[in-house]
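These notes open a run of structures that come right after.
Two complexes follow with chain A in common, the first pairing it with chain B and the second with chain C.
Let's look at the complex of A and B:
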């Protein structure tokens, strides 16, 4: 029955579950970030770079942002469903939302995977 | 029994797509006319803070990129914090995150059926509001020390 609930027939259940899973990923990342900041206390540029540069941290950051994109899409979509009664206006806003989230995701991916890891950041 | 209900729901949702326009279900989402017990307050603040977090996403990415790009830019970002106005803004946004975080955890707890009776839910609502304020105060102490 639980599996049945996750099929296409009940898209609401999938949305509900995704909202929870992404919330969990983000919560874990947030606690990790707080823990690392308290442990390492980065207080200058050098320290801030070495905080951001480990590859596993950049991968975790990317996972966080992917979760955030899905989470925000589901969340804002719910808000629009409640407060934007006009279907065509809502459709337009939803398209805008999706475009914004993709742009942010592209930006974040570049930041985490390429930019934050580039060695010349340290050398400059 | 459960399955039956679900099947009905699935059929209803298909029908309702066509009927939604015709049916006039009463709907009251005007926040200013709704009584606000503490659980409702936590809930609507969760929604408001979620929207606020969405709105500041580009700012967040911009600050992250600036702070990484060079020592000068890093210093620029840190220097922003010398302004009282920016400090207060940051505290406000930090509160938004903390509240959304704690209320979100409360949601997840309730989804696994923990703390779901009315009295317990009221208690966790107070805890969520309190923890959000407490975390913000701690950040304030750090910012001003």
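Let's look at the complex of A and C:
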């Protein structure tokens, strides 16, 4: 139901709601991460590796990163809109931001889906 | 008592400047407006708005030691010296402490701040239950002084598009009025990305309101209502679609 509100029919609500939904995803992930760290207390590199190995954790981490990218885009876009009055400078900054967020997201995807799965192989 | 007051007369001055005044107050001078009237007796070139002198008309709102407020209900004993007085920020200065509030009232008018009810007018007034009437408390008291809107950074940076706390408080005042029939249109009217959603809960509006109102809470409630309204519209739309499909298939069967 909420997803249906994220359409072009509600341009104002879409951004506002999206920022809150992504914040919720990040909050849940952060609590989960903190809980796992407290429970498992990974102490060395190998422990950290096995901490990040389960497939469900990698999917959750990727979800977190996607949420972070959307959240950052909406938030920083607002900050630029307020504090960078020059339209061409603002346009350039927004383009740089998009590139940066996509690069980070691609990197994170590779880390969580490709690299993390074969990390034990890389170690050997 | 020492005052430092923003002076700017566009006909004479190239740029604004601060002018100092040292005045001897009398026992009857309790409020900032009393002191300003005394200053004006000494220097009648100083321009400011004032009217009711008791915090009802909202004319003498200004920036007092960095915070917006009404001169008539600001106690002199509460102010640090020198008392720095400036016009409210974010609006064009006409002269000295007088600002051009056209933009402010344009936003106010854009929310249609009046009851919309297409029913036949009753012989007496339109009645409300005490519970429905209570929903207007904390909303109807706004005196449109502009202290909230002109202390809002979202308004400073988006004066043409963001309605501002005063306008949104009034929008909510009519959205929750049980006698009003235009709730849907009112919510739709605030959908453009910058009109309502530029509010980031900075809450300067709550901090400065001389009537102790809470525009920030009203704005949050509008956002909640917008979600409920949109969800409802979505469900109703789906239902209507289903009904019309059913009717088409029944018609086909009949044919």
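As a working rule, the second predicted complex is superposed on the first by the 110 of 124 C-alpha atoms of A that agree within 3 Å, B and C clash if a C-alpha of one lies under 4 Å from a C-alpha of the other, contacts with A are read in each partner's own complex, and residues count from 1 in each chain.
Keep this in mind: a contact is a pair of C-beta atoms (placed from the backbone, for glycine too) under 8 Å apart; a residue touches a chain by one contact, two chains touch by 3 or more.
Because the structure is a prediction, the values reported are computed rather than measured.
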- request: Name the contact category of A:72: first (chain B only), second (chain C only), both, or neither.
  value: first
- request: State whether A:54 touches chain B only (first), chain C only (second), both chains, or neither.
  value: neither
Message: Between chain B and chain C, which one contacts more residues of chain A in the superposed model?
response: B
Query: For A:104, is the partner it touches chain B (first), chain C (second), both, or none of the two (neither)?
result: first
- prompt: Touch check for A:83: first (chain B), second (chain C), both, or neither?
  reply: both
- request: Using the superposition on chain A described above, determine whether A:10 touches chain B (first), chain C (second), both, or neither.
  value: both
Chain B and chain C contact sites that coincide on chain A, given as residue numbers: 1, 4-5, 9-10, 82-83
Residue ranges of chain A in contact with chain C within the complex: 1, 4-5, 9-13, 15-17, 78, 81-83
Message: Could you list, by residue number, the parts of chain A that touch chain B in their complex?
response: 1, 4-5, 9-10, 20, 23-24, 27, 30, 44-45, 48-49, 52, 68, 72, 75-76, 79, 82-83, 104, 107-108, 111, 115-116, 121, 124
Query: Contact residues on chain B for chain A in the complex?
result: 2-3, 6, 9-10, 29, 47, 50-51, 53-54, 57-58, 61, 64-65, 67-71, 74-75, 101, 104-105, 107-108, 111
- prompt: Inside the complex, what are the residues of chain C that reach chain A?
  reply: 153-154, 157-158, 190-198, 200, 223, 226-227, 230-231, 234
